[in-house]
Every structure is written in C-alpha cells, then in structure tokens.
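The two complexes that follow have chain A in common; it is paired with chain B in the first and with chain C in the second.
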Partner chain A sequence: MKRGFVLAMMVALGLALAQGRTVNLLWSGAITGPTSDVGGPYAAGIEDYCKYANEQKLIPNVTLNCIVRDDQYQNPNTQRILEEALDRAKPAIYLGYSTGAMLQLKPLINEVRLPTIPASAHIGLIEPPHNQYMFLPVSSYSEQFVALLEYINRTKKNARVALVVNPSPFGRAVVDVSRRAAARLGQTIVDVREVGGGNLDNTALLRALDAAGVEFILHQNVAGPVANILKDAKRLGLDKKIKQLGAIYTGGSDLIRLAGDAAEGYLWASSYYTLDENAPGINLQKQLAQKYNRSADILNSTNYTAGMLAAAIAVEAMKRAAQRFNGRIDNATVYQALIGMNGPNAFKPGFAVSTKAGIEIDFTRTEQTGAEGLRILEVKGGKFVPVTEPFTSTLFRQVRNP
Partner chain B sequence: MRNPWAQTGNYRTSYEQDTTIFANYREIVSVVLLLVALCLLPLFLERSQVLVLNFILIYAIAVLGLNITTGYAGLISVGQAAFMGVGAYTVALAAPSLPFWLTIPLGGFVAAIAGFIVGIPSLRVKHLYLALATLAFQEIFVWVVGRSPALAQGAAIPVEMRNFLGLEISFRNHNYFWYYIILFVLVLMVIAWRNLLRGKYGRALIAVRDNDRAADAMGMDPGRTKLFAFALGAFYGGVAGGLLAYMQRAVVVEEFTLARSVTLLAMAIVGGLGTVVGSLLGPAFMKFLQIYVERLSEWMKANPFIQSITPAGVDVASALLPLSFGLVIVLFLVFEPRGLYNWWRLLRSYFRTWPFKY
Partner chain C sequence: MIDFIQNLISGIAVGCIYALAALGFVLVYKSSRVINFSNGQFIAIGAFAAYALTVWVGLPVLLAALLAMLLTAGLGFLVERVFLRRMVGQPIISVIMVTIGLASVLDGLMYLTPFGSGNFTFPQFLPPGGLELAGINISYPQLMAIGFTMVFLLLFGWFFQRSVLGIAMRAVADDQMASMSLGVSVRRVFGLAWAVAGLTAAAAGIVVGTVSGLNQDGLIAIGLAVFPAVILGGLDSVPGAVVGGIVIGVLQSFSTAYLDGVLGQIGLVGGGSQYAVPFVVLLVMLWFKPHGLFGTEEIERV
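On to the complex of A and B.
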C-alpha cells in the first residue's frame, strides 16, 4: 500500500516535471489604432514564432506564454499593460513598440531590470540614462541614416540632401547625427522638413526642394507619407531628378502597395532579408504564415519578419538562460544571456543579413544593437531588390555623439 | 429648529446658508465616508489598478479646470492638454533642483500665465472662434516643444523622485505614494473649486457665461472675469500635468496633444459640465470605457469568426475605440446633456426620498 502510494507520487511528480513550467513573454503595441499597419503584422510575427517555439519545444521543459496586448498607440495604455504584467505575469522579457512609450518607460524598465527589445529603433533608447536593459534588434534609425548618406557619397560626391522626417521624436531622432555625418562627408543638408500623415499634396514641398537644388531626399517616416511624396514627385516629373531614400519603416511591401509604380527607384535601408531570398528565417516565415493561415499582406510585410526576429531573439535568450542557470529563466538570467550573445555565441536565426564578420545578431553589455549589418534595396519591377552587399556604417560610431 | 439628521430637503432661510459648502450634515458624513473609502481603496488593489486610479484622478483635476473655463465661464477650450503640458514641462525642468511640493504648484502657475495669455483673444472673440484660438495654442505648444532642444524636442525628459522624508520611493510603492499625493491635491482643488464658485468670482463667471453684456451692466468686468477663468482653468491643468509627469516618471509630448484635449473635453461633457461629481465621473467612465473597448478589440482581432465576416481591408477592431468614443459623446449630448452627474443626482434623490417617489 505504502509502496503504491510512493510510486503514484513519483509518477505524479514526473508528469509535472515533464509538463514543465510556464515562462511569460510580454509584447504590447499598436494592433489597433495609429500605426497598426506596422503593429498588426509585428504582433502576428511574435504570436506565430511563440506557437512555433512551443510546438518545437525550443526551450526544453518550458511552455512559453506570449502575452500579446494592444496598447492602441497610447502611452498610458502601454504603461498600464506593462505594470499589469509586472504584477501578474512577471515576464522574463518585454518586447516593446513605440518610440514615445519606450522612451517614457525607460526609467521604469531600468528600475525593474527587465530586458526589453523594442520595435522602435530610436537611438535614445540605448543611450544613457536608464538604457542598460534596452536592446535594439536591428541598427538604429540614426545608423541607417548615416549609412544612407555614406551610400549617397559613394554614388555622388558633395551631394545636396534634404531630410523629410515625421513630426515626432521618432522622426527627429536622425536629424542631428545626419548633420554631423553630412559635414564629415562634404554633403550639404539643404533643408529639414517635417511631414506627417495626411500629406495629400506635396507639390509645394517638392517644388521648394527642387528650387533649392536638392538631389536626394532622405525619409524618416512611415510608408504612407513617403508614398504620397513619391506619387507627387512622379506627377511633377521630379522622380528622375531627385532620388529618394529612407530608413526601415518607410519601405517594404506597404510602400509598394501605396505608391504603386511611383515607388520604382526608391532606395531603402534594411537589415532584413526580403521574401524572395533563400534565408532560413525567411523560409521559416513563409512556412509559419502558411501554417497559421496568415494573409498575403501579413506574409509580405517586413514587420512580420521584424516581429519574428524580436521573438526569436527573446526565445533564444530564454533558452540560453535555462542552459546557463540550471533552468532558471527570469529577467536577470535572460539579461545575462542577452549580453553574452556575441562572438562565437552570436545568434544566427536567418532573418537579418550578417556583417562581414559573419555575425547576424550580437549584443554586449555596452553594444545594444543586434543586427548591425544592413543593405540598400531598390524598388525594381515592383519589388525591393538589394543593390549593395551587407555593410556596417563606418562613420556612425564616429559621429554618434557630438 | 429641525433635526439636521432627519432633514429631507433644503430649508435655507439666509444668504449664508445658501452659500454653505455642504447643505446638511448627511452630505458632510457622506463626503467623509467617501474620503475614507478612497484612502482605503489602494489596500485592496494591485499596483497596476492603482495606476488606473491615478490616471483617473489626474484627469479629474484637469477636467475640474476645464469645468471652470468651459463649464462655468462658457469659454470653449480645446487646449487643456497643452496647459497640462506646460505644467508637466515646467515640472520636468524644475524637478532636479526643487522638491515636488514646489514644482507642482510652480507648474500650475506657469500654466496659469499661459492661460492668461491664451485667454486674451476671449476679450474679442466668442464661441467657435474662441475654440479656434485655443486650438491654435494647442498646436503651437506641440510645435514649440518639438523644436526646442531644451525640451528634448518632445522626446522623454526623466522626472524622478526617489525619496520623500526618508521614505524610499521605488517601483513597489511608486503608484501608491503618488495615489495619496494626487488624492490630497484633488481634495484641495475640489475645496478651492467649491469655495470659488460660491463666492462673488464664481457668480461673476456664471453671469458672464449667461450674458456678458448684462454682467457688464451690473458692474462686473467681463474681460477680467474671462481672463481669470482661463488662467484658473489652466492652473488646474498645469497642476494635473505636473502630477502626471511625476507619476509617469518622464514627460513626452505625445501625452499633451490635441487628441488628449478633446478627450478631456469629452470627459467634462460625459461627466456633466460645471459639476464636481461630473469631473470625477467623466474621467472614470471614459477610462473604463477605453479599457473594456480595448479588451473587446483584442477579442475581435483574435476571433477567427469576426475576422471571416469582416470585409477585406476593413479593420473593425481598430475603429472600435474612436467609434465608441464618438458614439458615447453624441449619445450623451442627445439623450443626457447634463451627463452622468444627472444620473448621480437622480440616484441620490431616489434614496433620499425612498420609499416615496418625491
């Protein structure tokens, strides 16, 4: 009788251990409301990668619970959702979203020591103060802009450039560093204009920039306003005269869908592989989109890739934390795993291009940017195709700080 | 003399009685009980739930100010969020060198100066034209912040307070600490509000709202009264903004946009213009509406059936919040223009006269 009882207890214990425990991952962002065209696919990428991670048991003996919440692009909601999760779910890692909310939450994130991977690549997130737990999955907007200026310098010396940025901290983040980089490269920043959504007629803007002798327009924005400017440039016959380029959230399938053939020739800085390329991450993306019945719009979105990459980094960090710390997965061990993700331990999921050293994603305590390699892609025949090999901005680190 | 505890109505026989803050002892007792309940409430709530309460109380202070400008003086303002922003940025700049009990009133005073300046057009224009003037201030505020390196061009300026009289303020007690500070400030502001409105300045506000030429003929100064209303309403907004800055640990311009001003106006309308109770009920109603619509949106977005019946390219879940927001305002304006305050009044009246109908 006694032996039977002990046996039953051991079986129950074994079953419980086999079932493992649950670790929480939190993402909150704009699934609805402003910028939901970015947030929706990004959230889908995280959800799908989480399902895949659980099905494949990527973290042995652990069930991953991905809490995906809609903050409607409102900072008080983002704060509430994060604090709710800290109270109830105690996430081991936080995947954030918007620039404003992330900048606002930096002190809180630093205080609770929660490793955070935001969708926003604002340089201010990884700059002091309170930057210790922030990790950008790809290069910052500022680095992308300096890389674009370097690319321009390769094709045209002493170029005359205009910056067209979103009227928000997200847009303005690139202005100062671009001025410093342009000065080093002998380029002239002719004008800096702020353009937000609802820019239905950009004739005055384009005529003024043309009159000022602008040869290149650099965009730091979302796809909608850029598409309108591209269409107006084509209408005014300026599409051949002024070359337009932009950072990560300006491009992708959304831009081509919105701008149509006016997008032809647009140059885009991106760290991600395109859907036409044969990369392990992209193949997984196609496979998961089909498996979880995602629409073509979501599959084609770079933001779906971006969401998957963020989730992949988080899951890998959790897995490594479990391996290094005897199965302990919490904010402290995940942080250690993240800052140890470098050198031979760099992560290579195949969503983003690698640097010349063959490194796709790496972090250290002080270098909080994941994918530092990027390429310039150009719209040709209704598709973005790479026109450069992967490279890392050499100038950015020299001009990052004034 | 009637037994004050058994009083069933108002039996005011003098001017002094007519201007008392509390009509009878029952009102005093109910306010004391409410305050005790509010003081005890955080003991039963999680930190994140206290955060929601903090937002409601801060918006209540801002809506009280809006109720002075719009509710009492009848001057439409769609710039209350900008006044909050003036207060918040003042606090952000002053916080490194001054304690919070000085920075918050300072934020209010700077906002009051801004309110005074913004109120100047009210000497000349009225109604929609005045609303446009306040709208211009709202946009100018966002524009100026976005172009001011000293204000981080709208990006975050940290506002931190780690210690108060030896009490360490950390993540664990931050929301609770600020709850009691905000509650204390709100009570002070409500008392000041009630005191103001039972005096000659308050009556001047109402007189100017109802007919400024008649008020002028009766010896009041409509111009000064309007400027006073703007400055005071902005002071309340500035104090609310200062509290928000501390509560959120940082100031970003996105908190003080036109959308927030419209939300505050909606809170005032839904709560009931020109009432203290409405200033509390409006923000609470709108905040909870937002939270529950957010849950509904999330459910709709995740529900395959809802997604299958929705036409391609139509994002119903995204439209739900602005739709419900607009619908609530329209329904209140059409069916209950006196706002939630009127429901509160009817409920109170029902219990006071129970079991009789009148």
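On to the complex of A and C.
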C-alpha cells in the first residue's frame, strides 16, 4: 500500500515536470476608455504573440501565462493591477502602458526590481530617478521629435516650426528638447500649443499659426486630434502652405481612416515596418492575425505591431534568462537577459527597422531604448510609405539633457 | 477683421454643437429637475446607432440618422420608465446618483460592443471642404450643426409655447403637485422629456461624429463639455442653452486665436486656454448670477 502511494506520487511529479513550469507576464493598459484605440490593438498584439510563443514552445519546458488586464487608462486601476500581480502572480516582466501611470509606478517598479517595457515612449521613464528597470521598445517621443526637426532641416533651412502637443505629460515631454534641438539647427519654435481630444474646430489655431509664419507643425498627440487639424487645414487651404509631421501615436491606419484624403502628405516618424513590407515580424503579424481571427482594423494597426514587438522582446528575454541561468526565469534573471541584449546578442525579430549598424533591438544597463532606428513615412495614395532610409538622430544625445 | 469674423463664425458653429448637446440636458432638468449625468452616453449611443445602421445595415446616412434619433428617443423613454420613474419624490441627490450610475452602466455596455475601443467614421455624405464666402470658411458639418440647432430651437419654441403637451411640461416644471391636481400626467411628461432628450442627444452625436469621427470617449466628453454652457444659459432655459453654447464656443475660439499667443509670450507653455476659459466663465456666472442668464430665479419665502 505504502509502496503504491509513493509510486503514484512519483508518477504525478514526473507528469508535472514533463508539462513544465508556468511563468507569468503582466500587461495592463487601456483596452477600454481613453486611448483604447491604441490600447485595444496593442493588447491584441501581446495576446497573440503569447499564444504563438506557447504553441511554438519558444521557451522550452515553460508555459507562458500572459495576464492581460484592462485598466481603462485609470492610474489607480493600473496601480491596483500591478500590486495584485506582484502579490499573487509574481510576474517575471511587466509590459506597461500609459505615460502617467508609468511615471507614477516608477518608484514601485524600481523597488521590486521588475523589468518593465511600457507602451509609452516618454523619455522621463528612462531618466533618473528610479529608471533602472524601464526599457522603451522603440526610440522615445523626444528622440523622434529631434529626428523630425533634423529631417525638416534637410528640406528647409531656418524653418519656422510650431509644436502642437497633447495637454498631458505625454504631450509636453517633447517641448524642452525640441527647443534645444531647434536652437542648434537654426530653427525657430514660433509657438507651442496644446490640443486634446474634442477639438471640433481648429480654424482659430491654424489661422493664428499661419499668421505667425509657421511653415511646419509638429504633432505629439494621438490620431484623433491630429486628423481634425489636418481636415481643417485642408478646408482652409493651408495644407499646401504648412507641412504637418508627427511622432509615434499620431500616425498609422487610424489617422488615415479619420482624416481621409486630408491625411495626404502627412509625415510620420516611425520605427516600425509597414504592413506592405516583407519583414519577418510583419509576415508573422499577418499570419497570427489570420490564425486568431483578428479584424482588418486590428491587423492594419501599427499598435498591433507595437504590442507584438513588446511581447517578442519580453519572451526573448525570458528565453535567454532560462538558457543562461539554468532554467530560472524571474525578474532578476530577465533583467540580466535584457541588459545583455546587445552587440552580437542584439535581438532581431523583424518588427522594427534596424540602424546603420544592422541592429534592430538592443539594450544595455545604461542604454534603455530598444529600436533606435526610425524612418519618416508619408501618406501617399491613402497609405504610409517610407520616404527616408532608416536613420538615428545625431543631435538627440547632444540635446537630451540641458 | 476677416480673421475676427472667421473666428466668430467658427466659434458660433462649435457653440451650436454644444447647444445641441445641451438641449437634452436642459429638457430633462426643465421638466423633472433631474441633472442628467448620462447625457454624454446618450450622445455616444445615438452616434453609434447611426453608424451601425448606415455601415452595417447599409441604410442611407440620413435615414440611418433619423432612425438612430428615434431609437435613442426610445432608449430615453425606456430609461425613464425603468430607472427614473421609481425615483419620483426621492431626494434629488439620490436621483443624481441614479443618473451617474446609469452613465456607468451605459459606458460598460458600450465597452462590450466593437465601439468600446477604436475610431470610426461615417461614410462621406456631405461635400468635401466647406462653404467659402468673402474669405470666411465654414465646413458643411458645422453648417449642419447650425441647421440642426436652429430647427430644434424653433420646434421647441413652438412646442413649449403653443402645444398642450409643451405647456403641460412647463406646468410640471413649475409645480408638480399643482399640475397633478389639474389632471396633468406627470409620468407622461417625464417620459416624453427623456425621449426628446435622447432624440437631441443623438442629433448632437451624429453632428460630432461627422465633424471629428466617432470615438466613445470623445463623444461622452462632449456631454460633459456642455456643463458650462447650461450653467451660463440657465439650467432650465432652452434659448439659454443655445446662447450659452454659442457664447462658450465663441470664447473658446477667441481664446485660441488671441489669448494663447499672449500666454506663450509670457512663458506659459502650451496655451490651451480654450479648455480653461469655459470653466472660468462658469465660476464667474455662479458667483454673480447662479441661475444663469435665462434661468428661472426661484424665490423661496419662509
């Protein structure tokens, strides 16, 4: 009897070991509520990549449990979700979302030493204090803005530029660094305006900027407000006179859908490949969207690509942690794997463009930005098409800090 | 001068959208003294209903808009029957809490639909660009907003002054007990007020959706943005809602045109005064004229 019991226990243990361990990955963001047009596809990208990682057994002997939670863009919800997860699920890595919540949670994340990859590319997240465990998947909003100013400088010297930003830390993040970069480039920042959602008419704004001799408007916002400004500029006949450009979340399929033909000519800084390009990550995106019955809207969204890239980095870091630390996957080993993701060990999933050195994603202990290459894309015939080769801002590192 | 007139016209156009969104709010308050915090949700539901009918069902946009307004009117009627009718005679704070709860429930239900996350646009049914006259430009959706507002203003003006039901609504607003003793069906009046509020909210949602696309949070935010307009015009005044909306729209336009630049020059990054100005007006109005420009000043004798 006793021998039978021991045998049964050993069989059960053997079965459990054969099935492998479960490791948790946490994401919380706005699947509903403000900015859910970004958060919805982003979450879908994470979910689909997680399913794919489990199906393909990307991390041998490990089942990945991706906890995807809707915080409705409410910082208290984000905090509660993270604290609950820390208590119960002990995630090895956290994929965050909004600028505000991430800034608020920086001290906690630092305290519990949890590697975090936010959707927000606010430069403040990777600047001291409490920045050690934050990793931006692509270049920051600030870096993209400096790159856009450099691009303007290539086409027009001494340009007169206006910044139109979201009335939030997300929007304001780019203002100071843009002023410093413009001063170096001989450009004039004529005006800085804050425009949020619900901008039903932008006539006064556009006429004021036109009267001030503005030649370029740089947007740091989400697609909705930018689309309204583009439509009004076209209606007022200012679309030919004032060129409009923007960073990460201003562009993509949402902008084209909302602005229609008024989006033609809009310039967008993006690190991601477009859906029309033959890149390994994009091909995987198409394959997974079809496999998991995602709508055309989700498939076409750059935020779906962005979610997949964040999940791909996380999964790769877990895989490398397991390889390097005898199967141990936790916050400490994943952190080590992330900061070792450079040089010959840089990660190349094929979602984002590479730098001239051929590196797509790399991190070090002090360099916490993943994809540093970006391109300028322009709306032509209802699609974003690249109008530059991938490049990295040369000026950003000089003007990053005052 | 052209710039000034252009900014004025643009402000009036935006103000008409606020006025349209405020009408339902005022109607409910006028008849039942209920402050409807779910007005924004009705705006969103009306707009999404029109979108679903035109894009999914394939109806022409104008027919879809008409049906959506009727459907939202039906929803308003239903909400009154199911939730608000039970609250007759209850403390006003309880009724307000019910409308806040209702807003939450409607939000949650919308999140369960495809509209809960994402941006949508109506198929183009108006000509592109806008109407240009002597250097002044106004977009066709904005013209539609002005048209809708004027039509509703005239209809409500006639309704409240001439129709039996309208006069009954005014009587109920004035004194429920006295109206009941004279044979007025207070329940019927309340139901009608909520139905008409749903109808005007849907009209506002369709206009906003045509101007700037459909996004749940954007549409709901319009419902909240009308508060300064109704406080300014008077909570129980239909013409007040229109005047309040237009004043707020014009102030926003002027502050963007003339104040933001000055704020930028004195080092206040970003301007964005158009977001603050309506609430400054609201505070000033509450300070000097708490019943608004056209609101009924109630005198209590003790």
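General observations
Operating definition for what follows: the second predicted complex is superposed on the first by the 388 of 402 C-alpha atoms of A that agree within 3 Å, B and C clash if a C-alpha of one lies under 4 Å from a C-alpha of the other, contacts with A are read in each partner's own complex, and residues count from 1 in each chain.
As a convention for this text, a contact is a pair of C-beta atoms (placed from the backbone, for glycine too) under 8 Å apart; a residue touches a chain by one contact, two chains touch by 3 or more.
Bear in mind the structure is a predicted one, so any value in this text is a computation, not a measurement.
Placing chain B and chain C on a common chain A by superposition gives a clash between them. Look at A:Ile31: by the touch rule set out above, it reaches both chain B and chain C. Of the two partner chains placed by the overlay, neither chain B nor chain C lies in contact with A:Ala183. Once chain A of one complex is fitted onto chain A of the other, the partner contacts of A:Ala357 are absent, as it touches neither chain B nor chain C. In the superposition on chain A, A:Gln79 contacts chain B only, with no contact to chain C. Once the two complexes are overlaid on the shared chain, A:Val385 sits clear of chain B and of chain C alike.
When the two structures are aligned on the shared chain, A:Ala212 is found in touch with chain C, with no touch to chain B. In the superposed model, A:Pro169 lies in contact with chain B only, and not with chain C.
After superposing the two complexes on chain A, the stretch of chain B that clashes with chain C is 325-333, out of 91-99, 325-333 or 343-351.
Once both structures are placed on chain A, chain A residues 31-33, 36, 167, 172, 194 are touched by chain B and, in the other complex, by chain C. Interface residues of chain A, counted against chain C in their complex, comprise 31-34, 36-37, 39-40, 165, 167, 172, 175, 191-201, 203-205, 207-208, 211-212, 223-224, 227-228, 231-232, 234-236, 254, 257-258, 260-261, 297.
Of all residues in chain C, only 3, 6-7, 10-11, 13-14, 17, 111, 116-121, 124, 128-130, 137, 139, 142, 208, 211-213, 215-218, 221-222, 225, 253-254, 256-257, 260-261, 264, 269-272, 275 touch chain A in the complex they form.
Residues 46-48, 51-52, 55, 146, 152-156, 158, 160, 170-171, 175, 248-250, 252-255, 290-291, 294, 297-298, 301, 315, 317-318, 320-321 of chain B are the ones touching chain A in the complex.
Remark: chain A residues 31-33, 36, 69-70, 72, 75-77, 79-80, 83-84, 86-88, 99-101, 103-108, 111-112, 122, 124, 129-130, 167-169, 172-173, 194 touch chain B in the complex.
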